[in-house]
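Please go over the structures that come below.
The same chain A turns up in both complexes below, where it pairs with chain B and then with chain C.
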Partner chain A sequence: MLMAEACPDDLLALSVALTGYDRASLWATGCVPLYLAQLADVAGPDLLARLETAGREHAAAVGADPDAADRQLRQRVLVDPDLGPLARSLIQLWYLGQWTPMPPEWVQRNGSKLRDTARILSSRAYREGLVWDTIGAHPMGAKAPGFGSWALPPAGETP
Partner chain B sequence: MSMESERDELRSLMAQAIRIELTTIPPYATAAYTICEVGQYDRIAPTEVNAEPLEVIRQVMIEEMLHMTLAANILNALGGSVILNQPSAIPSYPCRLLPSGKGPEVRLRRFSRDQVRVFREIERAPVNFDKLSNGDCLRAETIGGFYHCVREKLRALCRTHRPDQVFCGDPAWQVGAEHYWGAGGQAFAVTDEASALRAIDMIVDEGEGADLGGRAGDGDPVPGTGEEDVAHFFKFNEILLSRYYRADDHLGSPPTGADLAVDWSAVHPMRDDPRAEDFAHLPEVHARMLAFDQLYTGFLLALHEAFNGRPERLREAVPVMIKLRHEAMALVRIPVNDQGETAGPGWTFRPIYSTPERAS
Partner chain C sequence: MNDAHPTHYDAVVVGAGISGALVAKQLAARGHHVLILEAGADRGEDAATYRSYHTNFQLTELKTPNSPYPPNPSAPSPSVLDITSIAAGKPDSNGYFVQRGPNPFGSNYTRVVGGTTMHWLGTCLRMQPVDFRIHSEFGRGVDWPLGYDDLAPYYERAEWEIGVAGDKAENEFHGIHFAPDYDYPMEPIPKSFSDRWFEQGVAGMKVRLNNGEDKVLAVSATPQGRNSTPRPGRHKVGGETAGPYGSAGNTGPFYAFQGQRCEGNSSCIPLCPVQAKYSALKTLQQARQQKGRVELRTQSVVSKVDTDPASGRVTGITYKRYEFSGAPVWEMKHVTAKVYVLATNAIENAKLALASDLCPSSGQLGRNLMDHPYVLTWGLAPRPVGAFRGPGSTASIPSLRDGRFRTDTAATRLELANWGWNFAANSPYSDVQRLVGRDNLFGAALRARLRDEVPRQVRIGIMPEQLPSSVNRVSIDPAWRDSLGEPRPVIDYSVDDYSRAGVLQALDVTRAVFARLGIEDRSVVDPSAPGYVTLAGRGFVYFGAGHNAGTHRIGLSPRDSVTNVDGRSWDHDNLWLVGCGAMPTIATSNPTLTMTALVLKAADSLQRELEGA
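For the complex of A and B:
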């Protein structure tokens, strides 16, 4: 199996905080190694280490005071000119299976990266996007829900 | 024995038949869903990995679903009732395949040579039919031997009694092609001796090809291609030997068809016989496994209704089967320990379990 060079625990903790899905759900996509490798390729070792630290600290703080932990994550990561764009692309990656390239300001600060291109990372990444679960639908053209399923209310919908 | 007690015995044997067919499906499904599928290796280009063994197991599995349906039709034709809403009627794993306790131990394990050998053993033809005829069917040592014995009893009953005494069930309870489609062949109504024997023969032929003299072919065309399909015993042997059988190949000689590519390493390392209880220390995994069990339980309850006078409910079961597949494939990707073993579907019947909110 392809393994990310990145430390999965801390980056998974960060992903849990950013997506609102638990670890088991993120593993269940089958995309953890692929996504963390993509993140590592674009972030580079220094920024990746800062993201790991942010994930670790959030995981340690979230139990005692979730609101404070989330506030701290916004301040440390999402508004940071280097970490913010990476975190936002990571959110989109989990939800859509698609990498969104860094904005020009980020590239000016950190240089351009070979793998920082807009693309769906694999056919599995498309199928396993969290967005489908969030909206109670299935990825178009994949994971067909079966004949006649259109007669049933969407998952999570009360008729 | 009176007509009633003979018919009662046949009913209880058909209830056993349904249980045997149902017993095979979760292990087959589990092995199939632990196979790594598209997009596993290559970061960019999706690669087909193990698509062939996955398809072979899938074909066997959906034929087992047909067999279970045909067995239910026979039981209903005999005026019996199918029970799928009681924990005692639903297999839990590990278990023995046959009421005699003979045959392989059936477990929920990942796709591996050992597990496919067990599958092949499940579908193995009996060595000696004579030993079993007119005997105690519950002591049969293979599925084929069991059905052979049931077949003889059914024929004996039909020889001595009027058809309307034997086949006293409500024909409206029969599951026919209008309720069951696209999976492993066609379901048909059982209303008399001829259709009951045809159903039993189909189950046995597709399993082992036993009645066909050791020939690989099962007498049915593969949908779409029109070529003759091969029996389950041979299908599992195809995977072990990495080569397809032709219908005219025989038991005991190697297959002569095309190569069948199998990558035994491209498999999710699912822990053997996963059960939700074993993962209580991992609340997220535990909740997800219970959710799977609940989905499976709801599915069995829908089947129970479908086989008890509401055959149109089978339609609702189709999307649930597909959900079960996607959920099982998700579970086997979740690591549960430092050895890298993963969770998996437990296929546990939990009728009084209520939905918790998925932790997120």
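For the complex of A and C:
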């Protein structure tokens, strides 16, 4: 299984940097294995290793100077023609539970991948999209907040 | 025929949606035996099927009204994803409809057990008294063969059949009135925080319309077919004492199926996970509890209503029973009854009647197809209003539903939406995609931007009245058939200048509301969209509202209507046509409640017919 090769710790560090949510929040989705397997399947071992390195370096640097760590992430990962599209899809995966396929230029450089298709990975992934928490709501059709809750002032984010 | 089922009934009803279920329930309550023939697939009623709908919804990227319901090649449904621009002389046959234009008909329906109430929003507005006589009042459209007060007892019964949550006082405008000893069966669904922000913002706001007429804007809570809390006490409902709603024998699996109280799942369209929203599944369950036998036969596509050429009376119904969705073969079946009821939606009713050469006298069958061409306007409020919470809409601005302007300009209802730009722009998906893909945000900055913007999203929907027109119609053509060999609906449709003028007037008003409340207008008008139309150089995009109506209108004379006021065909003594197709005009209210009132009136006449009264 690909999960054995992927290092959840470094990829989680990368996910924390990319999403703005801490590790506990990401584990709490119950989707870590599913998402990292999806990422590993599309990225392949070499690009995945580079993403792991980027996650490890960000985690090491963020305590001392968060702005510098983010700047480095942007320059090493997000603008990189191979890593950038993977990182942006990973952000959307966390926020929406949905994989965004690689752009044509990426496919030209790295070849097409079997699992690189637009889809919601599972019904749990739909329900656990971070965006719903971010916007102070709940996934449409799940985690209902209760009768009349919509009449109250907008709720705060999960602390 | 090798068939264990009986082949003769008191009544055969075509369609297991709200109309058919209500007819079956009422006739069975009197001990009559009813067969319901449903084109959709088996097992639509069980819990596992309902759960599978919910899973489909969660896993579908584009959560359209029909997304939970599996495509069924044997009984196809139209999809909003099929709509394209229509080139002159080249019909759009992408989907189930064959659209001849000039404008696309943007609405859909669902051919499953429960019908389109499976994906409806639940809005239960009454028509205004003046809406029943727009020809007399404004020289537009046609008058109804009955008035508000004639229909009022049936409105009461309809609201109690559906279980409407509402507040009388909020809905007493433009002449709408309620009997003093009547009330809605359930306490109102609270207005959303966003509704109340609008309500406070527009309080006292006066707008001058182009005809010089002044309107003062107000916000009204929408009555909804959605469980809240049953209203205590007893009330007069259609002349009978009733209440509290749902309390009699309220135990056991049957009542459990009547759904939970609304808990704010925010997915009414296309599916309420806890069945707080009314669907015809509830009435079907109730129908089975009555004295008479109600049999539901699914996967049964009615092919022909057979008639006796001499008397015009219906002699039987021929239908095709298929074994599974997409099965390459089917069996022909035949049933007979004392009375026959076509109770599918406006388009399927017209299609079936046309295919059976029914109702020729008036020439109106299939004509006067109407919808609410639905126009969206959206923006960012200056403060969080809590978008994406609660039922899809809980209030509207009814101020433009009536006025002297209706001689030249369509009335409109301004619907306040609770789900941000979900319908308008597929938010919050598109927001994440835009902020990540285009604006290069990630991490805390991305999170903060989403947090700042999305809860401020507001949207107003404009629903203009569309007049009956003989050129807007459903027809059939032997060249276009589905996989069972049944005709596909061929649709001619246009949105006329009267409706367009109503939309433009409403756009001016919504713009003034945005200005007053400090809402940043983010509406996008795409001239290449299929629903793009213009008037006097101003363009907008309309969508279907799913309010298909008007193809077999009721009336006073066989010369200009398909049925009498009870839905009984002028040409076929033992045939009734019920559903939104019965409506002579569509007004500015979502049609289901008015349709339901008409169905109950039709059911009374069916009952009288069966009982020789």
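Operating definition for what follows: the second predicted complex is superposed on the first by the 151 of 159 C-alpha atoms of A that agree within 3 Å, B and C clash if a C-alpha of one lies under 4 Å from a C-alpha of the other, contacts with A are read in each partner's own complex, and residues count from 1 in each chain.
Following the convention adopted for this analysis, a contact is a pair of C-beta atoms (placed from the backbone, for glycine too) under 8 Å apart; a residue touches a chain by one contact, two chains touch by 3 or more.
All of these numbers come straight from a predicted model, not from anything done at the bench.
S.K.: Can A:114 be said to touch chain B (first), chain C (second), both, or neither?
M.R.: Touch partners of A:114: none, neither chain B nor chain C.
S.K.: Please work out whether A:152 is in contact with chain B alone, chain C alone, both, or neither, and reply first, second, both or neither.
M.R.: Touch partners of A:152: chain B and chain C.
S.K.: Quick one: classify A:98 as touching chain B (first), chain C (second), both or neither.
M.R.: second
S.K.: Contacts for A:144 in the overlay, against chain B (first) and chain C (second): which applies, first, second, both or neither?
M.R.: It touches chain B and chain C both.
S.K.: If we overlay the two complexes on their shared chain A, which of chain B and chain C does A:21 touch? Say first, second, both or neither.
M.R.: both
S.K.: Between chain B (first) and chain C (second), which does A:34 come into contact with in this model arrangement: first, second, both, or neither?
M.R.: Only chain B is touched by A:34; chain C is not.
S.K.: Would you sort A:135 into first (chain B), second (chain C), both or neither based on which partner it touches?
M.R.: Only chain C is touched by A:135; chain B is not.
S.K.: Check whether chain B or chain C contacts more residues of chain A in the superposed model.
M.R.: Partner touching more chain A residues in the overlay: C.
S.K.: Based on the superposed arrangement, let me know which partner A:64 touches: chain B (first), chain C (second), both, or neither?
M.R.: neither
S.K.: Do any residues of chain A touch both chain B and chain C, and if so, which are they?
M.R.: The overlap between the chain B and chain C interfaces on chain A comprises residues 20-21, 122-123, 144-149, 152.
S.K.: Residue numbers of chain C touching chain A in their complex, please.
M.R.: Per the touch definition, chain C meets chain A at residues 54-55, 57-61, 63, 190-193, 196, 228, 261-267, 271, 273-274, 384-391, 394, 418-419, 422, 428-429, 431-433, 436-437, 440, 442-448, 450-451, 454-455.
S.K.: Enumerate the contact residues on chain B facing chain A in the complex.
M.R.: 37-44, 46, 182, 282, 284-285, 287-288, 315-316, 318-319, 321-323, 326, 329-331, 333-335, 343, 358-360
S.K.: Would you pull the chain A residues touching chain C in the complex into a rising list?
M.R.: Residues 17-21, 70, 73-74, 78, 87-88, 91-92, 95-96, 98, 100, 118-120, 122-123, 126-127, 131-132, 134-138, 140-142, 144-155, 157.
S.K.: In their complex, what parts of chain A are in touch with chain B?
M.R.: Residues 1-2, 20-25, 27-30, 34, 37-38, 121-125, 143-149, 152 of chain A touch chain B in their complex.
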